[in-house]
Structures are given as structure tokens and as C-alpha cells.
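So, here come the structures, one by one.
The following pair of complexes shares a single chain, subunit A, combined with subunit B in the former and subunit C in the latter.
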Partner chain A sequence: YPLFQLGGPQLRIFRPNFFMLAVRPGVPQPEDTVQFRVSMEMTKVDIKNYLEKIYNVPVAAVRTRIQYGANNKRNHKNQRVKKPDYKVAYVQLGQGQTFQFPNLFPDKEQDTETRSFDDFRNKYMEREKQRQKGDPRRGGVPDWFGL
Partner chain B sequence: MAASVAMAALCRRLTAALRVSGARPGSTAAGLPGLTLNLFHKNLGKVEPLHQLKFLHTTLSRRGLEEFFDDPRNWGEKTVKSGDAWNIKQLRGKSSEDLHKLWYVLLKEKNMLLTLEQESKRQLRPMPSPERLEKVEKSMKNIDLVVREREIALRLLQTGHEKPVPGEWRHDFLGRTYWYTYKEWPIPWYLNKKYKKRKFYYLPHVNHFIRLRLEKSLCRRARRQNLEKTRQKVLKRKFPHLAVKSQSQ
Partner chain C sequence: MAASRGRRLLWHGRCWFSQTESGVPSQPPDSLYPPIVASATAKSKAAKRRRLEHFNQRVHAAASIEEKLRLYGQLQRPKYMLYPQTFALNADRWYRSFTKTVFVPGLPPRAAAAAAKAPGAVAPEAAETPAGAAGVAPEAAKAPEPGTAAPEAAKSPEVAAAAAPYLDMGELRSLACDALLQESFYQNKKRPFLYRDQDHTPGPFLTQLVSTLAAFLCGRNPLLAASSLDLKPEVNYYWHHGEEVVVHGHRKGRVDPVRFQIDDNPHLQIRVPKQLPEIVPLESDLGDVPVIDHKPSKLPLFKKQYENKVYIGSKVADPCCYGHTQFHLIPDKLKRERFVRANLEDQIEVVYRANGIASLFAWTAAQAMYQGFWNEADVTRPFVSQAVVTDGKYFAFFCYQLNTLALTVETIQNNPRKNICWGTDSKPLYDVVEDGSVKGFNDEVLLQLVRFLLNRPKEL
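Up next is the complex of A and B:
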């Protein structure tokens, strides 16, 4: 982006390539606060303008923090694998709006195909467990012992 | 602001059309059913005539944060149907305004898909139809390419330059040649102590290494091409009936 010096024009970006995703807050947040993961280069002003212009959402306040992604997992070559860093934005909505993160995976009624597959799977697991157990006539002892 | 409001209204309608593939055009609000069709219903055979573009219905989109989530009817589904990605050829036929609106539609769709992905990771469930993400990314890349092409063409006609920022070819002290674009600095280069220590020429003893580098790149290229040829030969041997017929006859 062009360098800004005092008296210069404001930077305007057409076709922004920044993505914001709404996340479910791990810690319970107040009613009007929405939690987002944003690109590392976005500022509070950027996020406010983004939401107001593109999503038409009234924003009262934005607070951001950078979440450090851990670097202590190791792969099969014993090299450290880094989890990516990301910026978290806590946006407070204006005009008294509230937001609850919805449940995106509600239980839906299964059709006959999935139901029959689930039945088949349960029966198979039961049969496997029965085979694992020993003979009930010998008191549940495995067949390894004795004759 | 009016432009962004109009854009948001259009975006809402277009997003609705995109999400439920095969959406009926009558479901969109009064305004541009023809335009919506022309932009999205490529998979369907029917093509309706383009209506007047003058009457733009500008209602404010009342679904603000709901646009981060899919249609509630799709929550909990195993798969969600979606159309193909946008082709470059299809995009070249669109006007710049349409491309601009499409960009924002795709941006919102991508935000929605990323939210869904994160939530599915959180809930330890499989994400329904993750291929939608790749399609959206491909479409956005294609739009970028098309807009860049148009910008370059316009710039060539107006100024005669191809690139937006001027530059020059430079050598570094290892003998490599690269295209350097001029950057904006707060101070000139002769006041920059670190920059003055850099050398933009190479001494004659580096020519040997340039030759070695060239040989290495040529070797790699030859190896790659030979590998490709042997692979094709193996395939031809295994599947003779699928071989491409040569045009010698």
C-alpha cells in the first residue's frame, strides 16, 4: 500500500481481500458482543468500516487482540509445527442489538438410508463385543484358558 | 453511501440466489430478476430476457449478522448443493460494476464458509460441502485476473505503460538479475546508511557460479520433461485404447 505522509490522501481499497469469520466465544460474552477472527493487518477502524459498509451492521465499539499460535507440536521429523497466529476482534453492536451465536448443527431427522446404516453399525458392534466376551456357560472366562 | 446501500441490497439478493442453487427467480424482491438470472443461473438451461436495469430497488438489507451464516434450512445437513466456480471466460463478459458486486457477494460467501468451517472444528463435526470454499477462492482469483487485465489494457491505452509502478532490472552481488519495482521511502537512498552498503553489481569471479546455476536449472528442466515423457509412454503401454490419435493420417 502507498506510504502515508501528513496531508496525503486517505487509503481506499476497492475489492478488499480481508476475511472475517464469526466464532463462538469460549468465555461467555455480554449480549451485544460478537467475537470475530480477522486478518492480522486489520485495525479497529478497518473492522468498523468493514462491518458497517459491507454487512450494514451498526458498530459501537471494537476491541482487538492478537492470539499467538503455539509452536510446541512436533511432526514426524521432530520439527516444530507452528499453529498460525490470528487476530480476535470483540465487536459491540450499536442501537441496542443483541447477538447469540446460533447452533449450526441441529439434530435433523434421519432418512431411511442413514437410519438403516446406523442400525447395521450398532448390530455389528454388538456382535463384536459378544465375541470378545468369553463363553457365559464357563463364567465369562476367555477361551485361552483350559481345553 | 447510496452506492454502498444499493450494492448491499443487490448483494443480499444475489447472495440469496447463490446460496440456494436453483433458486426461483421470483423469490427475489422486485427489481432485477433478469439480472440475477444472468449472473448466477448458468447451470440451468433456461435463460430469461434481460429486464430494464434502470429500476434498482434499494431496500436496506435487514439481515446484518445473519449473513455470516448459511440459510437456516441448510443447518445440520450433510451436503449442501452448490453450482460451479466462475470461469474466466464467463467473467470477461461481465461489466466492471457487475464484477465489483460479484466480488462482494463472493467475499460474504467466503466469510460464511470460513465461519462454518471454524464452527465445525469447534463442534467436532464434518463441514458440509467443503468444496464450496475452493470454488469461491477460484472465482475470486479469476475476478482479480480479469480486473487486472482490464486495468493493464486501460493503462496501456492512456499512458503506454504496462505496470502500475515503474521499475528496472537490477543485479545483485551473486550475479542474479531481478525486476525491482520502485518503492516509496521517507528518505532518499543516499541518506540511507544500510542501503549504501548494498552492492548492485557483481565481480567477474561470479560468472563461474552463474554458469553453474544455469546448468542446474537446465538439468532440472530436462529431467522434468523426460519424466513426463516416460510417464506418458507407460500410460500408453497400459491403456493403448485411450491413446490420443496422432494427426499424421
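Up next is the complex of A and C:
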């Protein structure tokens, strides 16, 4: 790249070393709010510029908070193990856009083969359980009990 | 009696029941045994219902309005603080859901209805309203009235000419321009301090404009002559709406009503001794109330615990206990330029609407509480108030009719009534002030303001 002078063309693109992770919100959020886990050093302005410049997402407002990771668990040496802290950003999208976190594990529709296999498996497990239980006429009493 | 004394001691722990129970009905003389009712102190739903019933009876039987308000806001718990002037996005939708308000764009067709009733325009009071109708017919969206206003339009030009001595637009325009020039041009003021722009020029201009207009129109509107103009009054209201489960603390897991409090400081307020007439009947349905299914704290809205105050701007004994008009000044944090710089043009109108809805709801509901109504004793007549929200140059007009106070979980179930808010978009009063003159003065905005001030009950 040619050496940059003030007022010259900007040929190099600098990308920040931050990463943003879109997460599913634990509590229901408004339709225009997206929840991210971001690096602890990012600010609200950073997040807004990141989304607008790199991903072309219109951002109306950003609110952040730092989630403290608990320090209660103990390892085999009875030392406290800390879960790492992380920053959570709630981004409200502009221009009336909405976002719904997608369902990443949808129920697969079953074809006849898997359905019949599942039925067969359920019936087999029921039969095994019945055999383990013993004679229902004895009312749950084990078979070694008697004269 | 030992039983009642024991009951009083048992209940002493809760602040509700530090006084003797007065709601127990006396025994009918023909029965030997006391009535079988649910316990009052047990940890059961029937006991909770009985305690609530007892509290409601105490408030119903309160001797005076002050006592009723004191009992209503006695129990302090963390509550959401609603700010009418907020930077939150789409706040007007949330506020409409919290206050069960329907927003109707445009102002109600009161003036055009008065014009339709007086076709010859004989009476001098009716003469000025056709002049107003001619001015306002192109303005806001009033679907049913243009049909009746059109035949009036042919007659109204000569009526307007005849009404000129009654409503002199030139005089009013000169009053407004004088106030504006005095504050922004003639008076030597130092540069405003950082973020104090609104207190520097638009604030004093608004005060001056409203006081001079109100004094000028006193002769035409006797209600203004008996009114009270408050400068920077305080308006508070506290209510419950919806239910939630308590998340943290020693009360975790219990189902609580969601509490809200509005603490508002309008720039100016006009209170009158007589109530404004209703705009539409009490049971009218003009739209839908938005439903919000997640917690209010996502707006963002924050909780705090402090005094549950209900106040209209004056105490209960004041004769001017009904509201007429409020004037709000948009603060520096919510100016138009800041929204434009942040690419949030659509939120500019949201600020005006949220301010109008929240402030007017708080004011009308507090007026209703001053008359003895509350969520168990719903209003029997609608309470109407008006508001003007401005940032010095752009004016937005709002009109609110309170039809119901019953917003709690038990009372909202069989309540079909909704509160209604009419409002306009913000329009500029003038374009620019330079060289000792006001350029691009907008007469319609001034006319609307004058019409707001002239609003009065039919009897006067």
C-alpha cells in the first residue's frame, strides 16, 4: 500500500479485533431489540459503529451492562473457579426493523420409517418393563417371597 | 370484645390494619352465631381477598378526599417511574398500553360541529367558531365533518368578515410577534449556558405569550377570567396496571400489581373551576390499545420506591380543581437537531405524542381522584383536558378524554371503556426571526392555540 498522507485516498481498511455474539434473550425482549455478548472493552458508540459500518444494520439505540460471572464453584482442590465476566448489549434497530432469534433446533419431520422404528422401540421398552415388574396378580410382592 | 381485640393485635404487623376493623357487618338479630367468613390473617387466597375487600371498603368509606388519597397511596412498594419527556424509542406506544389510551390523529371536530349547529351564525359566540372551522378545515383529518362544513364554507367568508371584530387575527398576531421579538431580539441576553437553550429564549417566550393571550381573551371566555395560571407546577399520579411476579427479595414468588408513577413538571398550566365539556360519549370506541406482552423494564423503565403522590397542581380545597390547558416545553436533550443528527427523524413526533399522552393522563386522572373517583369507583362523567407541547418553534396540540380509571387486573376485565387522546403533528409557528421581524408566521397554529384557550363549557 502507498504511504498515507493527510487528504489522500484511504485504501486500507482497519477492522477492529472485537467480536460480537448474537444470543437468544433469556427473558422476552421487544421486537426491535437484539441481544449481543460483546467484548468487555467495547462501548455503546463502538457497538453502534461496528454494526452500522461493517454490517449495514441501522442502529437506533444501544444499552449495555456487565454480567458478573459467579465465583462459587470449587474444583477438586477446593479452589474457587470463576466463570468469566462478559458484557451484554441490547441493540434497538432503527427504521422500524424487527428481529426474532431463530429456532436453531427445529423438530425434524419424521418419515414413515423412523416413525415405525420409534413405535417398535417404544413397544419393546414397554414389554421389557412389564417383564421386570413381574406378575401383576401378586400386587408388587417379589417372587422369592412365599412358602 | 375479645375476638375483635385479638384480631386487631394479629393484624398489627401490616401497615394496612393498624386501625380497628370497621367493615365487619353487624350480626343480624335473628342468628345466634357470627357470620362464617374466611380468615383475615391466613396465608390463603381467600384471606387475601378478604383483606383486599376490607381495604376497598375503608377507601370507599373515607371521610374526605385527602383521607381517600392518603389511604390509596399508603402502601409504598417499588414502582416504575414514567417520564412524559423521555428519549426512549417508541415510548408513545408503551404509554398508550400502560394508560389504556387510544390515539386518534388530528383534533376532534368540535369547532366544525358548532358551525353545523349554527347555520346562520347569528350568535356572536358561534360566529367565531365558523371562522375557526374555515381555518381548520384544510388542516387536520376530520372525516365526518367536511361534508357539513362544505356548504358552510360558502357562507363563512362573509361570516368571517363579520366575525373579524370578535376575533382580530392581526391583534393576536402582533401580540405573539411582540413576545417573540422581545425575548429573542430586543432583550440583551448573554449567551445561554451549556444545555440551557430552552430556558433562555423559548421558555420566557411561551410564558409571555400564554399570559398575554389569556389576559386578552378573558373578555371572550369568562372561564379564563376565573382561571388560575400556574408557573412550573407539579403534577403527579400513581396507579396500578397489570400483574407480575416478584423476582428478588423476601417477597419473591408473590403476584403483585405493576405500579406506575408519573411526576411531571409542565411549563405552564391553566386550571379552571368548571369542567370542560365531553368530546365524545363515555362508552365510545375509537381504536385499539396496543398490547405489550413483555415487562415494562425493557422500554427502558426503572423502579424506585418513594411517596405515592396524586396532585394536580393545587391542593384539594382549591376551587379551580379542573384542568383546562397545559403547556409543555421540550428540554434540550430532546431537541429536533439531536434526533436529526442521530438519524432518528421518526422519533421526533414520538416525543411530542408520549409527552402529550402521559402528562394529560396523569392530570385528568388526578383531577378525577380529586373528585373522589378511583379504580374501584370508576368515573361517571368523562374528564377532558388539553395540552400544547412545544420546543419554542414547533407546536403540537393534544386533547385528552379520560373515560376510565379502572386499570387494575380485577377492574379491567369487564371494562370496555378506553381513554382517548387526539393529537396533531408538530407545526412551526414561524420560520425565522431576523432583523427585528418574524418571517413566515403561521396563522393557523396561533388560531389553534386561541381556540384551545377559548374552549369552555356550553353553559357559559
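The rule we apply is simple: the second predicted complex is superposed on the first by the 102 of 147 C-alpha atoms of A that agree within 3 Å, B and C clash if a C-alpha of one lies under 4 Å from a C-alpha of the other, contacts with A are read in each partner's own complex, and residues count from 1 in each chain.
Convention: contacts are C-beta pairs under 8 Å (C-beta built on N, C-alpha and C of every residue); 3 or more make two chains touch, one makes a residue touch a chain.
This structure is a prediction, so every number in the text was calculated from the model and none was measured.
K.L.:
Taking subunit A as the common reference for superposition, should the pair subunit B and subunit C be classed as clashing or as fitting?
P.N.:
Aligned through their shared chain, the two binders fit side by side on subunit A.
K.L.:
Scan A:13 for contacts with subunit B and subunit C and give back first, second, both or neither.
P.N.:
It touches nothing on subunit B or subunit C.
K.L.:
Using the touch definition from the top, say if A:81 reaches subunit B (first), subunit C (second), both or neither.
P.N.:
Once the two structures are laid over each other on A, A:81 reaches no partner at all.
K.L.:
Taking the superposition on A as described, I'd like to know which of subunit B and subunit C A:60 touches: first, second, both or neither.
P.N.:
A:60 contacts subunit C only, not subunit B.
K.L.:
Go through the superposed model and pick first if A:141 touches only subunit B, second if only subunit C, both, or neither.
P.N.:
Once the two structures are laid over each other on A, A:141 reaches no partner at all.
K.L.:
Which of the two partners, first being subunit B and second being subunit C, lies in contact with A:106: first, second, both, or neither?
P.N.:
First partner only.
K.L.:
Touching A:94 in the superposition: subunit B (first), subunit C (second), both, neither?
P.N.:
Only subunit C; A:94 stays clear of subunit B.
K.L.:
Among the partners subunit B and subunit C, which is in contact with a greater number of residues of subunit A?
P.N.:
B
K.L.:
So, A:33: does it touch subunit B (first), subunit C (second), both, or neither?
P.N.:
Second partner only, subunit C.
K.L.:
Looking at subunit B versus subunit C in the superposed three-chain picture, what is their shortest Cα distance in Å?
P.N.:
Scanning every C-alpha pair, the shortest subunit B to subunit C distance is 17 Å.
K.L.:
Pick out the shared contact residues on subunit A: the ones touching subunit B in one complex and subunit C in the other.
P.N.:
On subunit A, no residue contacts both subunit B in one structure and subunit C in the other.
K.L.:
Mind listing the subunit C positions that touch subunit A in their complex?
P.N.:
On the subunit C side, the touching residues are 89-90, 292-295, 298-300, 343-344, 346-347.
K.L.:
Give every residue of subunit B touching subunit A within the complex, in rising order.
P.N.:
4-5, 8, 11, 60-61, 64-65, 67-70, 75-77, 100, 103-104, 107-108, 110-111, 114-120, 122-123, 125, 140, 143-144, 147, 184-186
K.L.:
Within their complex, state which residues of subunit A touch subunit B.
P.N.:
Touch residues, subunit A against subunit B: 2-3, 5, 14-17, 19-24, 34, 37, 53-57, 93, 97, 99, 102-108.
K.L.:
Provide the residue numbers of subunit A that touch subunit C in the complex, in ascending order.
P.N.:
Within the complex, subunit A touches subunit C at residues 27-30, 32-33, 58, 60-61, 63, 92, 94, 96.
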